[in-house]
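Order of writing sets the labels: A, B, C and D. Residues in every chain begin at 1.
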């Protein structure tokens, strides 16, 4: 199957300026792709966090790959604030489209359905809404006294990028109960997947496995990447490398510290690849 | 757990006039509940087929339980037209809200999201739309030249009723890849479930099983019912009883034939229960 | 090589599917002839054509519930879909609901299924209705389940492109709102088509005969493809491809 | 029985949850104090209270992806949720985005998470912010992640009902757009609350002292409930409920 390739070949598909969507920390982030994208020096990404960014977003921003970020939040969780994200926003060196978790889910659902927008309650009176000239509040269009409601334009990412615990050689991808990845893959024009393991068994053959799978219809490329979420964890499979994560959170507080960390981080990858 | 009960106790929850939603033939229909509802003589149901009705809808209509039906179609599939549905519509004895499959899915998604409506492309120029005074066409509310679009009011059924292959004692329900049941359960105020088998193992404990499950949060009642889909099949578990289905399709062409069939059909149930 | 009408219609549809712009064909429930053409063409194109059959599990890729096929079409990921009609008129309006003065119908049929959406969003909808009579092909449908064309400004990337019946193949021109006779099946005539069609349509000066099914394709249908189809539609395969077994015997 | 501030705040929240109208409390990520109160109250109510903790899997019922908790709230199935804020003002507006003149913020914080939705649809939102200082409790927030109140006509079944800090418990009156001091925690005073709050609020004539944690509840927290909490927040349990082990030694 022609979608089965290498991580670097996947990263090469992502052109400068692409709208790239990545899941939240506990939802199977492909750090293997983040490394490959940084190595290849991709520029001007519009990064959509679904709906919250963490290490991946912070690294891509620190490495200068991102010109716009849309997110409900970016945080390193128990390791503190996201330092390169914070610095970039405070310096005004990236554009931020403020959002809130259900708004990102709703806009992706609109993309999934092929409708131009999705209504969402809440939001009215928030400065998030005030900052978004693409969101629109209309009086109840049904005329039934439901009051004003916000309409959010559909989002159709060029690429969804994530790391699955399992995929098959036909490009079907097992995502277990991380079903936020399903509307994400549907709404995106192409999904580029790294997988912990690629099996010869067809995931569609069993009802049990199919129930937690995304069919290859949506998958634009697949590569095997052992420990491809590290230093993040792959929930249910392996924990985060807390030591590395903590080191990052500390070093990345300065531009220089970030560069030093990334030199070693990307170098390790090259060393591991050469093994 | 107080939601674990008998089929008749589930049926007793369904009050006359309720908005009741049932899935299509291949998506786990609870014929056990259909029998129990007919036995208890429920009246004036507003029946929502999600999105297509078959034997269950035809029987409930024939038995005089339904005053309004909303559906994209009602058909006995390979066994032909749905005779009691057809007769009722031709005689004008039930009200029909014409729809189309994706409109029913979209309206349930609106119910699931708690938004008053969902936009859907297509529909414009169809007599379905012309017949629906609750659907509304508006000019592109984003003002971006997307053209007119139909807005469909949310549907929130009082009850979703279906038959699952497996549930656990806590009321979690395994639905495999029949995920149309997920937005249906979410959108409905209460889901009344019959299950082929009720297990002591918690379905939420394994990622593999949880991926195909609906949590008990949405479940208003659960009863065990062996062969609870018969004479329909439970895809992946047992086939339809084609002989009985064919007999129904033939006999139900007349009111008298329908009554004769149902007398035996409901009687069989009583006999089976007495065994 | 002898063949029956079903095999001929499969061959006609397979030619419509063998088109570089068609990457993905979806086939609804209970559609063995379109389904057979889809699986045949998938084989002929070496798998370039993706064929999704929304009936059973064998060739049904979807894992996100009943709405996924519609969402998928809305995303532009389905290039061909099939629709039929109790009535079809000359502007390609289709009626799946009933005959007579709606809502007081004389005869109720199942209903519109997904037509009122798929007809709008799938670029190449093939109307497939074997029965070619004036009962089906009417001047004006009694109920528009889905309109053949839309006003300018209405979002409509899709619509009808062809009509396949037991008598002929027609194309549809949305700008002219008219069908055009493309070919008449072997053994039938333009007059027969005219006699059995209740609406006007364009007739070119020379109407070609529909090519007969290619023998190698018939072979495939009756052997390897037939075996795949039998997983989905066993009764159909037993009935339609059975002559082959007799021929061989 | 000795206790620490975390245990006191857990006890305060648990009392807010023990309410017949509260059938289901949901707790966001990284919220061990609300999470502990939720699991404690679930136990105290014999399971009448459903507690969903959106962090890990142990008490996380959701199986339909990240949007399910929001959809669930939109359906009216979540009665209590917790929100905090980098800044909170006297009209209960909350700011999770940054301080300074947005978008030119002086200090950027993570962002609004789900607040701009949950604050509208969950009937009883408990604002929980241990740090009680004028840095947090400001006259007017620099950025409204979610507004405390809405104009008439805006769909808003939910909103703030209480504020829990390390110093006190306040209630919020949406009609008056004002907080009211309900009780001051043991060892603290009304003056201390006034000194550390940057907005006006109502003060009743007699401000009661917040009741101390009930000894039986402390016991539960440090034993059976603590064990459940440790599955989700092991570091928290080790730090907060550790004194018990020392006491016992």
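Methods note: a residue touches a chain if its C-beta (ideal position, glycine included) is under 8 Å from a C-beta of that chain, and two chains touch if they have at least 3 such contacts.
Predicted model, so just to flag it, every value in this text is computed and none were measured.
K.L.:
Provide the labels of all chains in contact with subunit B and in contact with subunit D.
P.N.:
A
K.L.:
So which one's got more C-beta contacts, A-C or A-D?
P.N.:
A-D
K.L.:
Could you tell me the distance, in whole angstrom, between the mean C-alpha positions of subunit A and subunit C?
P.N.:
Centre separation, subunit A to subunit C: 40 Å.
K.L.:
Where the centres are mean C-alpha positions, what is the separation of subunit A from subunit B, in Å?
P.N.:
About 37 Å separates the centre of subunit A from that of subunit B.
K.L.:
Centre to centre, by mean C-alpha position, how many angstrom separate subunit C and subunit D?
P.N.:
Centre-to-centre distance between subunit C and subunit D: 59 Å.
K.L.:
Roughly how far is subunit A from subunit D, going centre to centre by Cα mean, in whole Å?
P.N.:
Centres of subunit A and subunit D (C-alpha means) sit 29 Å apart.
K.L.:
Mind pulling the subunit D residues that touch 2 or more other chains?
P.N.:
Only 57, 62-64, 68, 71, 74, 121 qualify.
K.L.:
Could you tell me which residues belong to subunit B and also touch two or more other chains?
P.N.:
Residues 106, 109, 113-115, 120-121, 146, 149, 177, 179, 182, 207, 210-211, 236 of subunit B each touch two or more of the other chains.
K.L.:
Using the contact rule from the top, write out all pairs of chains that touch.
P.N.:
A-B, A-C, A-D, B-C, B-D
K.L.:
Quick one: which bits of subunit B touch subunit D in the complex? Just the residue numbers, please.
P.N.:
Going by the criterion above, the answer is residues 111-115, 156, 182, 186-187, 204, 207, 210-211, 213-218.
K.L.:
Under the definition above, what is the set of subunit C residues touching subunit A in their complex?
P.N.:
Contact set of subunit C toward subunit A: 24, 50, 52, 57, 61-64, 68, 71-77, 121.
K.L.:
Once bound in the complex, which stretches of subunit A touch subunit D?
P.N.:
Of all residues in subunit A, those touching subunit D are 24, 27, 50-52, 71-75, 77-78, 81-82, 85-86, 89-90, 92, 96, 98-103, 105-106, 109, 120-129, 131, 146-149, 177-183, 235-236.
K.L.:
For a test of understanding, state which residues of subunit B touch subunit A in their complex under the given definition.
P.N.:
Its residues touching subunit A are 106, 109-110, 113-121, 136, 138, 140-144, 146, 149, 151, 153, 175-177, 179, 207-212, 236.
K.L.:
In the complex formed with subunit A, which residues of subunit D make contact?
P.N.:
Those residues of subunit D that touch subunit A are 29-30, 56-57, 62-68, 70-71, 74, 96-98, 102-121, 143-147, 150-151, 153-155, 235.
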